[in-house]
Every structure is written in structure tokens, then in C-alpha cells.
């Protein structure tokens, strides 16, 4: 199929490549002309603007232009979708493959539907490995639209590969796509909603490993009496857990690789960023009145990693001085 | 009454003074001779050793020597109790007024009971303000022993004062002492158990205020768009909450005083210490299978305040680099 | 002064009474005619509608009508403010004394300012005790408007009373009102923002006590070996902590009163409601990137109290069955 | 090699089978005679008592008897190890393959070392799948002893299999065993310590998934306005996440299988058990002063799942009634 890819960064560029490798025709645009040139050299049709892209999508197309927006969530995605929609025709499809807030999808889909334009939101997991392994995709939109787009998604997805089948027949009514690595999650917005919760879980899983390795490392610390210490080899431990343990996972594979390179992880600063999805997941939990202590604590650990001291810590010290005359001195 | 006070630090010294002011006779001992001299100058009988104290307690006494041990929890308290017990007589009373682990009390009380010696554990709250305000005491031991010691506890306790009476008749069977600021909590160990939970709660209360003030202060931070910021006066806020609000408390009084002196609390380092009681409270919760998320998070916030970065933070950064190519740079 | 009180529920009715007792003239309106009649019998001027109130505020007034809206946050407050504003004149003052979301205040204040109408948001703490003790108020609005309204707020506030002064001179630039139990927090919205954080803290404080008493009670539970149990008297403990301990507070006073009535609290269901403020506080923390584990855990404990089992619990059971063949049977 | 297996339950029986299939000779004992008979029918040498086993291990052995104790942690393991040690000879090896507390291992190893007996603690992960997939093992003991026992561990372990190698050369000094699915963690106790932390992490991972699925399911709940709901197919979602997503793991595989069987998990009660390791992990974290909010919250979620209401919930309700007149009614 033919589609326009807007945004040729780490994600968009590699998705375009995987699509071209799968026989699709990609019209490519980015504000960075170099990125466009580079992809054109690999076989894409270069577009110099959204207008230019429109012409190139219509020419020789099947009458439905497909626009894949792969930009940072927020204002840039918002205005790009608006610009595309302004001159789009009924039947055209706008895909937001970024990390938009699902409520923005719901709103945009409604606005575009009034003009007969289909809006599809694709939550994508897989990171920098996706080009090679395929992208796991959670998709919101109308079933009719997804059916139309399935060839594109099948190319991007990992496919069944050598991942063992779940040892039960999948029930009637389940989505055949799931085993290939993508799903129709529901109406517009649901794709990004599921991806958002995916990231919330991701934070929780990561923090569980982080705390565990912290405790393993701390067993050698001088906070313990010398005779109670173990000097454990974290590289060995991560490696062995990959093999037959209950906690094997892809995140553990990555941890094992990092520890094999540098057991002390000294070249990492320990300032841990978070994207919007962790926060939105907690918002969703609160709207639904679902207790989510682990996901929240994971997010807060990242906030905490980025400041030296909280003002709250000083409030504690001030109280302790107030009732006990304790003077808090750095240890 | 006559009692020996062993340990004349911030707590023991002031308790001795309050007791003498209440008409009791105090024999005072500390490894620091200067501390003994100072208290002797204020009317105490100086003792140069535990042996010396023994003689001075027996002389002119009623046959039961009372030893109040006011030392740091752990080895020093342990050996002091052992030393006293070695030469004590049936009917003598050993009081541990420090912050011992309640299971140590249970063990010691059992050992001393075999020799007919009474062991009493007193958990004490009130900090440096106790000499003036009186000490809130939670006491473990035999009722008969407490009855004997009540004159001492009544002197140390705050008494009814101007604190309003709880607006219900206290039920039959409740302890008359509670309204005077001390209680017979139960058998040996129970005094320190109740005090331990008191401190666990204290950590939780403190952290609740700390987080709240953090959020108030953060409302002026440049993490928010300029038009969403409020530059709030924390001193005013702490002060107003003392008056008629649901969250008024003594800890808030202390916070208000600290903020009135320095709204930014700049002279506090933000390294917050914890004593054993917070940890023991969580141990008790786990033994009883009681979920205690708030008390635990409060304790962990203190641990976290004392390290620049956790190893766990680096594990997170390493994973993020692994799947997303994210490089974590200090912000 | 003269003001209109709209909403004569538990809060609005008592505030009107306190105002009248302080010499102010209250025009009273509620959808419930009985409530209006009752207050009129106590001295208020009855209004049969907002229009009727308008006439009665203008007549004999100083040219500025004061409307105090004391209704549940949300749609009813929104439409009432709109209705009042439609026919209000420049200089009139609309006060939202309910629990509105502070971002709604910011928006409304901006809209009303265009017509020269002043909008003031008042966060109020004190609950059912406020009529007698006075209401602690955190107020957002223009300083000029507050100066105009101060006589009203002084009447509602607890005043200095017998609460000890904070033992430092209050710095220059602090609000003189704080010691009387109300403050000018900042621009519109800031009053409800501070009240919101107040409630967030309140949840944290309450949960800290709740967990502590849970651990005290659990010490008698059969999850412990019999010889490790203590059968503690929670009524005594709550009472003694009120007197000289570090954790004394008004919330503890209430707990002591409840336990004195029924130590087992058997007539409480244990389903704990939450209002919007707890959730908004966490939202604010996330916007500011402030870790708030304790406040969040407190909110989630309430969510959890209202369901028998989470679906998450079943997911855990399903996994345990999957890897270990464990069958989870109710205990 | 020849070894005695004591305890033929789900774990011990299957390990014996895997060992026999690997060419080792197993002398088998269990208090349940049927279990012994059954294993004897599959090729094991039946032992009718520990004494009987001793004779059968010595006969035709290499002079070092190997005892593998595979019993529930606690008293039964303790007394079995004592009984074996009483008549063991220098050079004999006692292996505790259960889930003992690592401090018990340290103590036992020391006691046995005085008689020249080697003590080895093996933490084992893999659950009911281990017989087929192999057991992931974390081992504490002397290196010399492990070298002697390696043939046994190699048979039990999963081996390299088709799990991709970590994409870095393992550094000098790392344990060659790790890639085969077992490691020499360190001195006695370290095997169970590492396994304990493994289980702590496991709790955290499980709870992260549990909360995520809870939020997905809650998106259809009537706590949300109807137009904001999504009715998501959890079976599809679990399946798609197995394929190319960042959160793929073995625990997710199990979840997908469970959801494929019953999307609502209705036949699970939601009462979730915990074994000692989760609690011990938190104890270790506290000893080392490592903040572990996620692991702790995971453990507490299990405690909470097993009670209808906490007493703490009632304390909250009592306070709310106290300050606000709120009556908590089940929703």
C-alpha cells in the first residue's frame, strides 16, 4: 500500500524502512530535510511539505490517502493533524502513531469523523528494536478502517515468529491479529489507552527489578555488620534469572546485557526521566477508583531520582529539630 | 519515692529534675562524671558506680530498690540491666525507660522474674519538651508493680492539664491513668510496643505534612507553565491551619514555628535520620499481616533522603537505554 | 455587613448562623424551602429565588452585592455562579465557599473579571464543629476585595482564641490574618488549592493513625503465636497519646472519642468515601513532579476499602496457579 | 552421581525424576510411603527412613554421601538437617533445596562445618514447569563443594537451550554456570538470599501486571460516565503484549493463558497468599536502608486481599464521622 510518513525520527524512520522492506510505498516528510533525503536514498518518495505529500499520495492512489503521523505528542502532533485534515477528503485516513493522550484522540476522531475522515490511533511498543523485531501495536479506530489498513500493520508487526502459542484455543470473538503482534483495541483513543497502561506496567516492572538489584547490591554495604555481608555478582544473577526462573522477561534480558558490560552501571547518572504515560495511567486509575500503589510508587521513584533533596525532607528535619533537638547532618 | 537514674543525657537528666521537683529522691549515675556532678548540684545524690548506687538505694529505702535505666537501646542497656540484676534482690524493680526493642523486654522480664525482680518497660514521648510539659508514658509490667510506682509516673506525666476531656465517659475497665498522661499498656514489652507504634505513626504524620508542603511549594516551580503557578506563603498557611482546621496538631505547631523562622528551611540539610522504631513497626505489621503502606513509605522516604542516587535508579536508566536508546542526563 | 447565602446545608446554614450572631445581615436562599423558613425564623431574610435575593441585597446595601455560594462542587455551583453573574453589576462579589476544583475558580474569576465582578474562592476547614469553633479559611482573590470582606471573614474565623502563639515573631510580609484563622492565599484559585492540599494531608494523617491502630489491634490476632500476643486497650492508648505525646492532634482527639464510645468501632462499615480533593492533590503532585507516596497510598486505601476484591487480586491468583499450581482458597 | 532425596512432593519428586532421567542414582525418602513407592516404580531406590537412606548412600558410593532435603522451610527442615548431621561423616554434603530463611542457612552451615560436613543452600525457581524446562538455581556453599556437585546441578538446570545469549562477552571472573541456568552465588546462605530477592521481585512484577489489568478492566466500569468507557478485550491485550512489546515476560505468558481460558477469572477467589520470602525481602531492605516501595506495596496488596475490611478502615470512618458527620454506608 501507499502511505505518507510524517516524522522520520528514531521511530518514524525505522517504521518507514520496515514498511518499504515489506513492499509498501512510503512518501516521507520531516522538517529536517536531511532526514528526508536519507530516506529517499533508501527508496522513499521525498515530500517537501504536507501539501507536496498530499499530491504524491493522491497520484496513483486508490482514492484514500493514508497519513501516518509519527511525531512527539502534544502541540506538534495536534497542529499537524489539523493541517492534514483541513484539505483531506472523506475516506482519507489519519493515523497518529505517537504517544498522544487518548482523550486527545477521542476529540480528534470526533472532529475528523464529521468530515468523513477516519482517525486511527496506534500505540506502539518495541523501542529501537522494533525495526528488526517488529512493532507491537495497539490500535483504536473503526473495524472497517483497520481491515483496510491490515496489510500495513501486518508488515510492521512482529508476526507469530518463534514465540510459543498460548496453550489454549483463543476463544471465539477474540482478535485474530493478537497472535501476529497487533490488535484492534476498540474505538478511537483505545489504542493509546492500552499503550498508556502498557507503559504504566512497564514502569512498575522496571522498578521491581530496580529495587531487587538494589537490595542485592546493598547486601555488601557497610550499613550491615561485616559478618552479615554477601558480595554478590549481579551480572551472574541477572544472567541466571533469564534461564528458567519465574521472573524472566525482556526487561531482564536488557538488564543482564547492561550488567555484563558494566556491573556497577557507573556511566549512568541515575536521573530517570518519565514520559506522560506513567502520569496518565495514574490519572486513569484515579478516575476509575482503582488502587495502583505499585504503578504510582514507580512513577514517584523517577521524580525523586531527579532532585537532590525534596523540600519535604527539610520539613521533616525541621520537625525533628523542633521536638527532639535533632540536628540532621549529612552522613 | 527514691530511685536511681542511670544515664543523665537529654532525657534522663531532665526526668531526674522533674522527679526532684516533684519531691522524689534521685540517686544519679552516668559514665560522664561531669553530668553526675551537675545533677548533684541540683539536689541529686551522686553515685560513682552501679555498686555505689546500690548502697545508696538500699540505705534508708523501703526494701525495694528502683533502678531507672535511661540509656540508648542496644548493648549498653542490655549490659546495664544484666549488671543491676546480678546483685539485685527479689522485689527490686528495674525500669527500662529508653527505646528498647519490645522483644528484648519480654526476654529480660522473663529472666529477671526468675529471681523475683520486676522489670518494667516505659515508652516515653515528649522529646525535649517533656521536662516542662510532662512525659507521655506507655508502660509494660505487672499491675502490682505499677501501683507501687504510680507516684513516680504521676510526677513525670503531664497530668490532666488544660487538655479538654474526651467527651464520653470512659468505660469501666479503662485505665484511670490515661487521662493523666500515662498508661499501663499490659505485660512487660507492651509499653515499648505501644511506643514503637507511636513512632511509626509519627513518621507517617510527619511525611503527610512534608508531602503537602512540598506540593504547596512546588506550585511556584518552573515545572509548571508560568500562568499556572501560585507563589504561596507557607508560613501563613502553617499558621492558619493551626486554627480551626482538621489537620491541627502539635507537629504542625512545630512546623509553623520552623517556617516562621525561615520559610525556606535552608539551614536544614534534608538528610533525615530514622531510629529503630520505624523499622520495628513495619516488622510488626508484617508479622500480623497488616498492610501499612503509609508507615512504610514514610520510613523509606527517610532512607531515600540520605543517598544521592540509588543503584536502582541506575538500573532503570540502563534499561531505558537498552530498549529506547534513552540517555539519562542530569536535569 | 450584608450578604446572600446560597445553600443552607450543614455548612452554609451554620455559617449563616455564625454570621448573624456576629451582627451581619444574611439573605438566605436554598432550593429547599423548609431550610429557608428555618433560617428566617432565626433572623435571616428569606429569599425565594436568586432574583429575589438580588433585590434584597441591593435594597439598603452599599452598592456592592455579596453572594456567598455554599453548594456542592460541580455543575450546581457552576450554573449558580453563572446565573448570579448574568445580572450582577461591576463591584459585586461572588464567593465560592464550597470545595470547587481550583482550576474552575481560575477560569470563573477570569470570566467574571471581564464584567468587573470580583470572584473569591474560600476553602473552609472545620467541618460540623465550625459553627462553634470558627472556620479555618484559605482565601483566593484580590487583596482589595479581601480587605472589603474582612469583617465577614473575621466573624467566621476562630480568631486567636486560646491557641498558643507560634514562638517567633511573624516575619514582615506575612499575613496578619493567619493568627486569626484565615489567610489571603493569593490570586483566585489559590484558596481552594491550599484547601485541596489541606485535605490531601488530612487523608495522609488519618491513614497514619489508621495503620497504627491496625497494628495495635493486630497484636492480639491469631496470626501471631499465642505467647507473642498483647491484648491492648486502644481507648487508653488513644487517650494517653493526647497528653504530651508527639502525635497529639485534633484527629487523635476525635479518634479517642470514637474509641471511648466503642473500642471495636463495630458500627462503622469500613467503606471509606473520598471527595475530589484527595485525587486533585495527587494530580497537582504529578504536574509538579513531586513524589507523594503517602498521600497517594492514603487515597488508594480508601478506594480499596470499597471493593471486596480487585480484579488485580484475581490476576495474581491466576499467575500463581500458572507457575506453581497454587490454588487460592479463602482463609 | 548418587544422592538421597528427602521430600517427594511437587518439587522434590520432579527433581528426582529429572535427575534419574539424567543418569543419576536417586535414593528416595518421604514420610508418605505411597510417594516413595511411586518413585521407586520409576527407578529410584526406596528408603524407609533416614537411617535406611544412609546405608544406601554409603553402599557403593564414593565416600561422600549427598543428602538433598526438599521440605517446607521451618521446623521440619530444621529437624531433618539435624538428624542427618548427627550421624554424617566429614565430607558428606547436606543440601537444603527448599525455601529456608537465609540466616538459618548461615547458622546451620557453621554448625555442620565444625564436623566437616558441607552445607549447601539451593534457591530454586521454576515451579511446576521445572521438570520439563529445568530448574533455575541460586546456590550458596563452598566453591570446592559446588565443583563436586556440578554434575547434579547441570542435570537439574535448564541449560543454555534456545535462550539467546546476552550480547556481550561475559567478563572474566563471572560464573560459567550462569548461562546454563545455575550459579554459585557465594558462601552458605547466599543462595537462599538471592532466591528470596528473586521472589520479592516476582511479587513486584506480578502486582504491576495486576494493577495494569485492573485499570484496563476498570475502563468499562460504571464509575466512569458512559461516553468515557472502553470495553477492552483483556485476552487480546495480554496476547499482543507477548509479541514485541517491552513488557513481555514469562509471567505475562501465564496471564495470557489464564485469560484465554476465562477472561473474567471468575473461578479465582482473589485471596492471594504470600510465602515468607516477600516479607524477608522487606526485612533485608530495611536492614540495608534501601527504599523498596514497590516490593512492599506488592506484599501489602496480598495481605489486604485476605481481609474484608481492616480495622484501620473503621478508624477512618470513625474520624470522618467525628469531624464531618459523614456516615459511611456500603456503596
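Going by the order they are written in, the chains are A, B, C and D; count residues from 1 in each one.
Assume contacts are C-beta pairs under 8 Å (C-beta built on N, C-alpha and C of every residue); 3 or more make two chains touch, one makes a residue touch a chain.
Every value quoted in this text rests on a predicted model; they were computed, and no experiment measured them.
Novice: What chain is the most remote from chain C, judged by the mean position of CA atoms in each chain?
Specialist: So the chain farthest away from chain C turns out to be D.
Novice: Over half shared numbers or under half: where do the identical copies chain C and chain D land at their interface, same or different?
Specialist: same
Novice: Starting from the mean Cα coordinates of chain A and chain D, work out the distance between those two points in Å.
Specialist: Using C-alpha averages as centres, the distance is 32 Å.
Novice: In whole angstrom, what separates the CA-based centres of chain C and chain D?
Specialist: 48
Novice: Please work out the Cα centroid separation of chain B and chain D, and write it as a whole number of Å.
Specialist: 39
Novice: Mind pulling the residue numbers of chain B that touch at least two other chains?
Specialist: Each of 127, 207, 209, 211, 214, 218, 246, 250-251, 257, 289-293, 297, 300-301, 304, 306, 310, 312, 323 in chain B touches at least two other chains.
Novice: Which residues, counting only chain D, touch chain A once they are in their complex?
Specialist: Residues 125-127, 130, 133-138, 157-161, 163-164, 166-171, 173-175, 177-183, 185-187, 189-190, 193-194, 197-198, 200-205, 207-209, 211-212, 214-216, 218-219, 221, 223-224, 228, 230-233, 235-237, 239-253, 256-257, 260-261, 263, 281, 284-285, 287-295, 297-298, 300-301 of chain D touch chain A in their complex.
Novice: In their shared complex, at which residues does chain D touch chain C?
Specialist: 10, 127-129, 206-207, 209-211, 213-214, 217-218, 250-251, 254-255, 257-259, 265, 268-273, 293, 297, 301-302, 304-306, 308-326, 328-331
Novice: How about chain B: which of its residues touch chain D in the complex?
Specialist: Of all residues in chain B, those touching chain D are 246, 279, 282-283, 286, 289-293, 296-297, 299-301, 303-304, 306, 310, 312, 323.
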